[in-house]
Amino acid sequence: MNLIEFVLAKGCLILPTQQLSTFTAAETVLEELRRRQPLTQCITNSVVTNFTANVLLATGAKPAMVDIVGEAGIFASIAGGVLINVGTPNPEQRLAALEAAAATESWVLDPVAVGALPIRTTLARDLLVHRPAIIRGNASEILGLAGASAGGRGVETTDEAESALEAAGELARNYGSVVAISGVIDIITDGTRVARVTGGHTVMTLVTGVGCSLGSVMAAMLGVTDPFSAAVAASVLYSAAAERACEVSELPGKFAVEFVNALACIPSSELDSESRVAFA
Amino acid sequence: MNLIEFVLAKGCLILPTQQLSTFTAAETVLEELRRRQPLTQCITNSVVTNFTANVLLATGAKPAMVDIVGEAGIFASIAGGVLINVGTPNPEQRLAALEAAAATESWVLDPVAVGALPIRTTLARDLLVHRPAIIRGNASEILGLAGASAGGRGVETTDEAESALEAAGELARNYGSVVAISGVIDIITDGTRVARVTGGHTVMTLVTGVGCSLGSVMAAMLGVTDPFSAAVAASVLYSAAAERACEVSELPGKFAVEFVNALACIPSSELDSESRVAFA
Amino acid sequence: MNLIEFVLAKGCLILPTQQLSTFTAAETVLEELRRRQPLTQCITNSVVTNFTANVLLATGAKPAMVDIVGEAGIFASIAGGVLINVGTPNPEQRLAALEAAAATESWVLDPVAVGALPIRTTLARDLLVHRPAIIRGNASEILGLAGASAGGRGVETTDEAESALEAAGELARNYGSVVAISGVIDIITDGTRVARVTGGHTVMTLVTGVGCSLGSVMAAMLGVTDPFSAAVAASVLYSAAAERACEVSELPGKFAVEFVNALACIPSSELDSESRVAFA
């Protein structure tokens, strides 16, 4: 009698095997998100709240910025996914973030400037205890977070996603997380599998909140699929939507408007994840 | 000698009777707002501050986001109207909100997610003591607020404005408020009169801050007319401006831009309140 | 042996004389900013964080909204320039502002509504002790700040920049600051020199954050030039970019988008500072 037969004999539910080894393509994830409209909680920095909410609404999720002590945990326990972004972590938000992280397993950590600034570095270390489903940041932040959790490796100033791949793998294995490194090519790893997502455009770095809102879309997608598929699907969606927006304008003011439009109307077939994603 | 003759004989001012029974059409309210540019204070959630300020400026009001303890009350006492929106009520803002509500009668309560989350539900109950001129929310929020004030009716999950009409009437009579329920058809009641406003477009639900900023426009209009006329006029303006914006785009990014444009340039005649408003 | 020969004989560096008397034209300042991309810290109000970050990114700077106690001072000591705007000064931000102002000389004070509201008036007085490189506000705010620092001159309600010129000169001499008064014509003075910058468009007053973000661009330019040249160059850039944006639209929603676009793509030659700036 193997394990599955044993569990079935006891009348237990079998956990969906997709959580362990299968992969859901971005096209399917986006369709599911639009169909199920997951409630997505954001505890995020004051610069990007508006853009993040508009991105989530356009993508098809239901955003809620519940970042108050006494409410953040309650809400996290019913949300489909939660984003915790430590970009402007005032004392109230720090406590609310810890409250939310303790209340759900379906959450994304965005370690903005972790490693470089002390308050948020301590906060991120405390948050890691609650094992985020996904960690999303640029290479410096992933290196900073790995350094913080290892007790002092420090931050490197490079911007190349590849330079943070080893640290990402370590974080992934230590905390059971999927780690997404944003860069010209996005890299997503669960410590075993590695996916690289190409596409997008440099104007994305000239609009504040593009990276932060990517974390929120990953949180929304946690409401409909597993962490690895969610992180890859969000990256693919951003690449495809950015390219569509750039057909109208490559200037940052207008690009930001058209990017939101693209998220709202892009057909899932246009994600073309087969050509955008390479697995290693 | 009747009351009016008595008061006139004493040299007193007669209160404008419109406060009691007459109604000012949206066209006139908008013209007055543009002429008098009322100072409009907003204590609102962190997601929509920017959009709200831009909406108020475009409409013709002068916004000021004074939400600090020690300043909120002082400012409320000189503002033409005050919006208190409990969407992200951190401790400082909660105290500032109570300070402002105590300092003016010319204020709007937006009970975001009241009934569903505890901190803001308690806050809203404390704020009600100061008798808002207008309460604006969706059906769930109006039901949640009525439940909170009645001690536990709870929140229903419906989205139909009609389902909250009875609760709205009760709130209106208990607190001397005008209650505006946002929905596909907006309903406004003072506990006796009921107005229904048609128009608008579903894309409005895909742009964060459309509902919240509607509350701020009602607050601005309190600076130039009575609460019932203000609530109806703001609803009519939003319907007409949204339709104008949709002629350019029905996608949320561009719609948001064009909606602000429409508020800035719509001729008052285009409000066409006679065809948009039905009284019962 | 004169002072310079004395210093050279000791092998010391000579301070660049431009700090004392020369002037760098806006064209050159913008080119330097785009080349060196100065790290620009903003401690600013909750209404304009997003717009401010997008303006800085479009102009070519690297924004960071570090406004937390325990981080603000550390970051200020490495930033090229720091903006402190007291528009929504909650207790945490007040302490963070003082921490940052103490840690750098390269900072801009924007005294939003100072003179009119008590908490921020006290804060601004405390901040002045740290001698801002630039003070930027409208006429009422400059008069309010001068009144606060002089112990009670009070606020005048005029909007004409000229009416605040005397107060600006006093502030400049007392605190070693450059003072920039925003108005139809912007006036910049260091207490000796006076520059007037023409151009721009009235739609700029209908978009929230245009004035606040101007302060942030001055802070960014402090990272590449002296305070007087920085303040003049930022004003010139805003006039030229606004005129370019108005060629597309004079309505506030679309103007805001096109203004960001203009900042990102305007050739430095289009600033035409010779025709925009008059010195007295």
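By letter and in written order, the chains are A, B and C; residue numbering begins at 1 in each of them.
By definition in this document, contacts are C-beta pairs under 8 Å (C-beta built on N, C-alpha and C of every residue); 3 or more make two chains touch, one makes a residue touch a chain.
Remember, predicted model here, so these are calculated numbers, not experimental data.
**Q** Hey, how would you classify the chain contact layout here, line, ring, star, complete or other?
**A** complete
**Q** Taking all residue numbers at the subunit A to subunit B contact, is the shared part over half or under half, that is, same or different?
**A** different
**Q** Could you work out how far the Cα centre of subunit A sits from that of subunit B, in whole Å?
**A** Going by mean C-alpha positions, subunit A sits 36 Å from subunit B.
**Q** Can you pull out the residues of subunit C that are in contact with at least two other chains?
**A** 46, 49-50, 256-257
**Q** If we count contacts the way the header does, which residues on subunit C are in touch with subunit A in the complex?
**A** 46, 49-50, 53-54, 57-58, 63-71, 74-75, 92, 256-261, 264-265
**Q** Considering the complex alone, what residue numbers of subunit A touch subunit C?
**A** Those residues of subunit A that touch subunit C are 45-51, 87-91, 113, 117-120, 205-209, 249, 251-254, 256-257.
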